[in-house]
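Shared between the two complexes below is chain A, which pairs with chain B and chain C, respectively.
For the complex of A and B:
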């Protein structure tokens, strides 16, 4: 006979659900409003969504409750708070890009914004749980919403991108399911901390089972984080999506994936099962190096940025491999700076978007498009140049400080060769970033019509670019506060 | 006077930003004024500089990222003082002699930003910020070579950038490893150079760290076999780019050796002394031989730069007062002389649009003033006594003589070879009959060019005859550094060599 279950409502810590609840209610409300009122303007939809994100943000930073909540499946620790803040800030900054000068069909539909909010809820579930099932639900919610958002762009390339992403994502979901299943079979639990406990008591026996589960998990998360060799979808999907969404995809799903990877892999790397460290080491080095080398030969700026974001994800995995508090802090600092710089770079692509492919039959943003831009639009070219040098890790711009702290973390944990590989990779990376700068500053312009480059510019886009540029240039002022806050939160959650 | 160093670093950058608002027609005058003010500021720095104090002066300290030991830390001593003045002086001269019309506004603003990074490299005492200025100096130069250079400019600019950047990322790993060692030893994070000076680095770590820093500095100097970017960059760069590149940017590398490699890693420096000296001798002789084989006037001077930088590095690794002081003085004199020579090549290139020696001949009769100044600079470059080039070369070689006389002798042949290729250049271009009709109507130096070149000629003579005020100031700081090296040395071999290098037969 089953024991009667009695639950104290206070013990559920429902407050922990509040951030996700706000956006879910927001999304449902938006759908209802759209049913009642036809033809709502995109400015209304954008701002209402941002307001819900702001409310959510307030709920996240104002959270003062237990670490555990809702039948103990929620885990609101330091890293989940930081990750949620990053997710929400990035979402709020990418959303105003919908208000471009030209009108796009997807931004007129309330469904876009509702799906966008559901997607954020999914990401939040991923980072605030150490329950493999809830993580899976979050992963699928966000992914399914994201596939649809890509397809809403309504171009042949966008459909191709959405289907490609969907197929790959389905495969990854399968791998994830297999891995969770094996972990459950081995330990009788789907909670990461209990899995860890049981495995440690048994000294990670049977090794074959742990091996299989880990390999499936590496494959599943590898797809999400676009690690080599499961990175092939990334450039095509970025190319097919609109620039704001591509930029968003290079930041937010990855930070959610990193948090999951951090929770899982650091437990496994710390287990002393040597081969896992080798597997991760190889994945990190290959991801950084191969993505960089492939980026060298790209002819399209958006594809170049796609490969470069794979390479940046590789350096982030290096942080997870190292696994010290300093490395995990470096991961978040790096990603916050990367957020602003990449936001700027993709927004610039959005601004210079033109209806037709005037410069190349195949690509929307070939390098030749930017020839001599400094002579046509000096300010645009200078800002884009700063974003490129910042992404390349030139001091004193944003990403450099993240990279500096990451290399330092590698050295402090005796991963000297890893540090050298990261450093050499940034020397390779500077070449393809510089290629765009060379086109902009040193080549002669192909056209002198400045209007061709500003067909999509609007005030809200310019504000976002200005904001990103200011953060990128004056990033040094944020290093100290960021380091202190993030180190505190990371250390307090035991990473 | 409290914040004179910050002012020196950021004044050109502020002026550069404001320069966006100045109209194109006045921008050249604006650039000259700004660089003149900056030069006067650096002279004021020299006037108020206390020559009896060998330590850092006008120190500014502001903890920027205290939890990770990164500070805004400025200071100047005898070693860096004159390199700062050289940077501001050469920038001013280069702007006065500027003859480019195309996109001049962008050019002047870029040069002003470049000036910030150059002064920054020499005054900064925090190593992470040093790295930041070091890297930032590449971007303006990339733009100057790539946008205003000749036909193959983009290739040259990218090659320059990639070479130097790749070298310096390894240096970054070295810097962070050094920070880790400091943290390991003391429990606090610090990237301040004076703090690092106090740390004794284990011998094995010294070898690796020396290597990491060496790659960064050697590419910048440039040392054989990393020198291949330099002739290309010079060949394609506009005159102002070549002048600043040869006069100041190369000195960043040799300054790095004096400031970082020697005092931080004394044992490794001694351990690698002979290999480095061999590279220097190869640079001196090999580059001189290539210079002889060139037909392009600018290439001759570019290769002669490599040859002279060989002697600079040799003097630095002499590990004694004469050698190091001499090598720093040689950096200054090479800055003045090579800057002037590149500017003279620019003068003739503006008139004839060729740099080939075969297109000239008999210029002495057509352009007497030009030929005279060219001759003086040539003599200074060769190292004729009583010119500025002699002092530094003599002291560097005299310093290294105590380490190894055979090698000194070999390096000394560089002076003879230098005389050969320079005099051949002079003979081919300036003497003989005027064979080409176009050359008969060439105009002599105009007022603008004279006002840029005469100060350089004056310096060549004055510093050649009376270098003492500069030498004593440099020497005080160098002696302090040598004492530090001796105190820090871990191995007996190092102490013995320092003793041998600094004494004659056991006596000071």
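For the complex of A and C:
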């Protein structure tokens, strides 16, 4: 008969599961409570979800334990801790955007919050593992939850966006599976550190196999990170989903994807095989440049922000291409600042949201909507202007520091051309961000009815915008300590 | 004999997949997919993966495809509701041409793969070692899949009762 299997509980490192367990329990509890109690209040649901996110945050911050857990499936190293902190902070800041002045159907449903928590669990699994299977399951869990969240926004365009995202996501999942399969067939393992070991022993032979696996992986992760040429879904999906989710999508799935890309591609770039580097180089330069050029001709602010987030993701891939500790630190610092700036910009769009497309038949937030805003609502226009300046990378606002550090990392490791491309692209990007500022400050207003611009404003939204603005403006004070902490964690995990 | 069976099964797997894309009626496509799945089950059997063979037939061909067909019939799609697909053959042909380099790459990659030298274990492909693996080393991913399915389930339920709220 079956012989008993004995497993050492202490060796499992169950503590490593605590962060994911907290949110899973929270989500399950929320669904059960919703079954018993009908008509739970929107603010109650938001607060309870944030409470669980804060508990999770505590578990992540206070984590002291082995790096490996659960038969080496989990890997909790420095970059996974930083990534989890970014994911949780972003989630806790984007979720309260549900407390807008207008009531939306999806924010009354307990399922929305439960799916939101499941989504965070998925992202956490993605970043706390170097096992291709667990990464895949985390990726799919979070993606499935995200598709549903997008479609819950009760607009025809939201369905279109969700279905587009789902179809492209299914294709990317297929690519991911293909790539993992080839890696497994090549090396007999699905764990990235073992794949690296075996490939290095064999000097990356057979090369054509590694090439095939890399190309499929670039396609799969490139979809999540919206790298050219798999970026085409981004503007449509952002336009279709509500502003809070669009902003969320521009930050959190990408940081999870970057951590996976960092674990996988840096081992490939370090192999010294030249074309592996060229594949990534081409993806990085194309993503930054094409996205910037397309952003120039956009007529809608949300679509412009979508293309701008693609271009920012391109410069992040540059950090992964460079692959030094400084570049990886730059990636996280850049993304933290980008988080707060994008949070502000998308919250502003959420505040000025109006049920009908008053300004343009096709777009919800055309540039003309904002013309002369400074004469109607000077405060709103100024804050929006600050976020645009920050996104354009102007000193002393937040994103500038990330860019500066990234470019210096590129120069330090002799990627002069890459540094030039990043700098040129920032110069191009200034044009489309400033276009909005010009509309707001130099054009004549089309309407003088200020209420049209504040239909969705509420105290909690204003608090979040204020917080984002403060972080954006006074970022100079945080740069040094942030750099030190992140450099410590990144270096400790060997990246 | 093995080679003949392999070619025979592969032919039907490809034929089924081709039919699934080309056929116009959803029901026909789903039926065509069953051919592919059964042929794949046969390929698993050729590889001595007895458990996967059973799962492929019971779960995929048996349960999932039945569900597909059930839903398609339940929706009762009329001919007039189906999308018109002008130039479908042309697009499929062009798409096929675009994918040729990718296919060549995968093909060459698989020909270059290192081959397995050691003989397989006695109980390879049986349910017991598979279960032992799933419930020890792969316990966490295995349990997380239940979370994945739960997310999909909640999503489906939310949409199904959408109009009542």
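One rule holds for everything that comes next: the second predicted complex is superposed on the first by the 490 of 495 C-alpha atoms of A that agree within 3 Å, B and C clash if a C-alpha of one lies under 4 Å from a C-alpha of the other, contacts with A are read in each partner's own complex, and residues count from 1 in each chain.
What we mean here is this: a residue touches a chain if its C-beta (ideal position, glycine included) is under 8 Å from a C-beta of that chain, and two chains touch if they have at least 3 such contacts.
Remember, it's a predicted structure, so these values are computed and weren't measured experimentally.
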| item | value |
| --- | --- |
| Partner chain in contact with A:105 - chain B first, chain C second, else both or neither | second |
| Partner chain in contact with A:487 - chain B first, chain C second, else both or neither | first |
| Which superposed partner A:333 touches (first chain B, second chain C, both, neither) | neither |
| Partner chain in contact with A:118 - chain B first, chain C second, else both or neither | second |
| Chain A residues touched by each partner, larger count belonging to chain B or chain C | C |
| First (chain B), second (chain C), both or neither touched by A:206 | second |
| Contacts of A:82 with chain B and chain C, given as first, second, both or neither | neither |
| Which of chain B and chain C A:140 touches, first, second, both or neither | second |
| Residues of chain C that touch chain A when the two form their complex | 102, 105-106, 108-110, 112-114, 128, 132, 135-141, 144-145, 147-148, 150-152, 154-155, 157-159, 165 |
| Complex contacts: residues of chain A adjacent to chain C | 2, 5, 7, 17, 24, 31, 70-71, 73-74, 105, 108-109, 111, 114-115, 118, 121-122, 125, 131, 133-134, 137-138, 140-141, 144-145, 147-148, 151-152, 178, 182, 185-186, 206, 208-209, 211-213, 215 |
| Interfacial residue positions of chain A with respect to chain B in the complex | 374-375, 378, 389, 394-396, 400, 404-405, 407-408, 411-412, 416, 419-420, 423-424, 426-427, 430-431, 434, 437-438, 441-443, 476, 479-480, 483-484, 487 |
| Complex contacts: residues of chain B adjacent to chain A | 64-68, 70, 103, 106, 128-129, 131-132, 135-136, 139, 142-143, 146-147, 153-154, 157-158, 161-162, 165-166, 169-170, 172-173, 176-177, 179-180, 183 |
